[in-house]
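Structure, as structure tokens:
Chain nomenclature is as follows: A, B, C and D, assigned in order of appearance, with residue numbering initiated at 1 for each chain independently.
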Amino acid sequence: MLDKKQKRIMIGRRIAEELNDGDFVNLGIGMPTEVANHIPLGVKVYFHTENGMLGVGPAPKPGEEDKDLINAGAGYITETAGASYFDSCLSFAIIRGGHLDMTVLGALQVDQEGNLANWMIPGKLVPGMGGAMDLVTGTKNVIISMEHCDKHGNSKILKKCTLPLTAAHCVNMIVTDMAVMRVTEKGLLLEEIAFWTNVDDVIKATDADLIIPEKVGIFGNQ
Amino acid sequence: MPKTITAKEAAQMIKPHSRVMFSTFLVVGAAEQLIDALVEENVKDIHMITIATDYDDKGVGKLITNKQIKSVQCSHIGTNRSTQAQMNAGELDVELIPQGTLMERIRAAGAGLGGILTPTGVGTIVEEGKQKFTFDGKDYILEMPIKADFAFIKAQKADKHGNLVYYKTARNSNPAMAMAAKITIVEVDEIVEVGQLDPENVVTPGIFVNYLVKSEVKEC
Amino acid sequence: MLDKKQKRIMIGRRIAEELNDGDFVNLGIGMPTEVANHIPLGVKVYFHTENGMLGVGPAPKPGEEDKDLINAGAGYITETAGASYFDSCLSFAIIRGGHLDMTVLGALQVDQEGNLANWMIPGKLVPGMGGAMDLVTGTKNVIISMEHCDKHGNSKILKKCTLPLTAAHCVNMIVTDMAVMRVTEKGLLLEEIAFWTNVDDVIKATDADLIIPEKVGIFGNQ
Amino acid sequence: MPKTITAKEAAQMIKPHSRVMFSTFLVVGAAEQLIDALVEENVKDIHMITIATDYDDKGVGKLITNKQIKSVQCSHIGTNRSTQAQMNAGELDVELIPQGTLMERIRAAGAGLGGILTPTGVGTIVEEGKQKFTFDGKDYILEMPIKADFAFIKAQKADKHGNLVYYKTARNSNPAMAMAAKITIVEVDEIVEVGQLDPENVVTPGIFVNYLVKSEVKEC
């Protein structure tokens, strides 16, 4: 079995393969940020943060933090050459206007129709949606990065989300520690499984109905 | 030409039931000295408009912890336990708004629009009670302007006409909020003479600015 | 009788008396620009032009024109200290959002309800409304600057406008070569007459019903 | 990263029935060399979106004089006799739009909004056929986004990421139009290396820019 860190790296690396040269990308807080560590050679991407910047660079060296230069998760960032700052209105005009090529976000639940729930658990946890609703509504390619099951072993990929939605029919692709799935008009297509598991185990670990193609790819075995 | 006042004078303008916009994104871009002065004045029953409620002991979170806020319109409260506790206890009315929608509603108020149609929130609880429209097969909800009596803004520099520039990601909601309040009060690190800011690089024109408050330099 | 230039100066000077220190003002093309030549002593006002600038200065000296620095009438302007440039969206956000204190515009017709027609004569002249509809809708104080009658001697101040409106109930004050009139809830109030005329002649020259107060002021006799 | 192309290559992208935004305010801020190249290509039946139709022999007016425009959405045609003549002859379809409404409709398209409510035009022929709303006793009309296939933009400087800055009142409709078209082509006086523009002063971020065309220096 993989540990948490290995899973995170495997997922981040696999999502990074979806990047095209010149893409504008917004990475959510937590696991999605791992994607930035695996940009393929020859691919140049530009990172957007919804608090108002394009051209986000990596975290600064300790001691070189600028308290007024943060990403949407309040993490310190740096500025790359060719960066730009703008206000929140323009930042969300970029998002909602369909100008971002990809966003990678975590999820509490995703379902086979591409519905996403990632902003509240009624009666328990209500952090608020922040920019997530805009990001998944506006961005061309919405990729979910998460572990396949929750800490109790329950599938986070459902036939139908039970938590309040972040948006309906918004998810394009789901990458977990077990599988790569694409939301299609016919349903949730199992495109790849992780090197360490098998199709039957993925099906068992998934509440959603999976469409199993003739050939299922393998990922993570680098 | 905006008048230069003290943080205390600014805070004293706020009355119970004032609607106040606070620019901040997890404390970055917050007018911290204005917030501190408002904590000091201890005015209650304020309606707060902000992107996030920051932290229990930092940024606008201080006002919530100090129980000065009656209601808040914002998009994120996950970093502030007081907000959630007071909300659950029925002491604080929280309207959670998608961040892009929040910004457009604020901008709409400043720009004299009567509302905007956004696809964000369609198919979620955000659309409840709102008018829906469908154009070219895509659904939108009607969102109304958010106005305020006051905006507490933070800028890096102001000239004496009130023209403002910001610093890096501390810009965030400042320019929109500066437009949308009846009275805009700016906490600013440096006040320069007219002519010292390049007219091409002014982000918020002075027409939106009513008062300037010079930040006190603090020991770090 | 006054010639065209004298009328223009008298009207401009009278409107300038309405300015308060610190006002933000937009002047329309033609006669309204005269206002800028009569700013009272001790009053500092800031001029806005809807193509995207605050802090418009006077016309440049011949030979010092900058081809990319013009007002809404394509006239060359200069930049004052403390000016700012912005795009057309923000410029009209300023206008429509009620941030300007005063606009001065010409008119084809105004009526006693404060309706304004100044952008087209069907079948004859259709220049388009440009920024005028936004200006009169958004600005706090809308002042009309024009000659009292058209070139055929017909009143331009009507009971009811007959031309397509620029906006309804938008005009606050009308200043002509004959009179200063204010639009009130009760109707059109004759506040002042020009030094060279009398109340009866103003009433005769005006199609609109005028409310005549006990005391009518005199203007223009400086 | 935008590709650098020639004005001719830019003009050749435009096809009959293309919807093209032209930034210009009485020629100031116009991409004149792109317009000239489009006159040269002589593509017909273009739908034009512009603030004003400029002059018969200058700016976007050249395209109208050359009878390349099928329809136009704009706010002012008073400086261009060809526009009015072709309109009266039934050769050119003209939709006149209040300038602030035009700008908000363009911005709405770029910002992914489904429409905006404006008080401008209420009580005039502009409101005909549009949905009306009343809030707090004030009337608004619903105005729809204006999208385009292409925007012909003029900037003073671009870096190689496509970040743009403008010059004085030549900024006008450029930033909004740059956001609202599928393909944005920028005529630019100077192309600088990445890192040469201050990130605080970028007006149009490169994300909105697809192609750059370097202006040819002309004899004055």
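By definition in this document, a contact is a pair of C-beta atoms (placed from the backbone, for glycine too) under 8 Å apart; a residue touches a chain by one contact, two chains touch by 3 or more.
The structure displayed is predicted, hence computed values, not measured ones.
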Quick one: which chains contact chain A and chain C both?
B, D
Just grab the chain with the largest centre-to-centre distance to chain D, centres being mean Cα coordinates.
A
Pick the pair with more C-beta contacts: A-B or B-C?
A-B
Approximate Å spacing (C-alpha centroids) for the pair chain C, chain D:
29
Please report how many Å separate the Cα centroid of chain A from that of chain D, as a whole number.
35
Shared-interface residues of chain A (touching two or more other chains) are 53, 79, 85-86, 92, 95-96, 137-138
So which bits of chain D are touching at least two other chains?
104, 107, 111-113, 118-119, 166-168, 200
Which pairs of chains touch each other?
A-B, A-D, B-C, B-D, C-D
Within their complex, chain C touches chain B through residues 22, 24, 44, 46, 48, 53-55, 79, 81-86, 90, 92-100, 137-138
Residue positions on chain B within touch of chain A in the complex are 25-26, 28-29, 51-52, 74-79, 84, 87, 96, 98-101, 103-104, 106-107, 118-126, 166-176, 203
Can you list the chain B residues touching chain D in their complex?
104, 108, 111-119, 133, 135, 138, 140, 142, 144, 165-168, 198, 200-201
Quick check on the complex: what are the chain B residues that touch chain C?
1, 107, 109-113, 159-161, 163, 179, 194-195, 197, 199-200, 202, 205-208
What part of chain C is in contact with chain D in the complex they form?
49-53, 66-72, 74, 79, 85-89, 91-92, 95-96, 115, 125-134, 137-138, 164-169
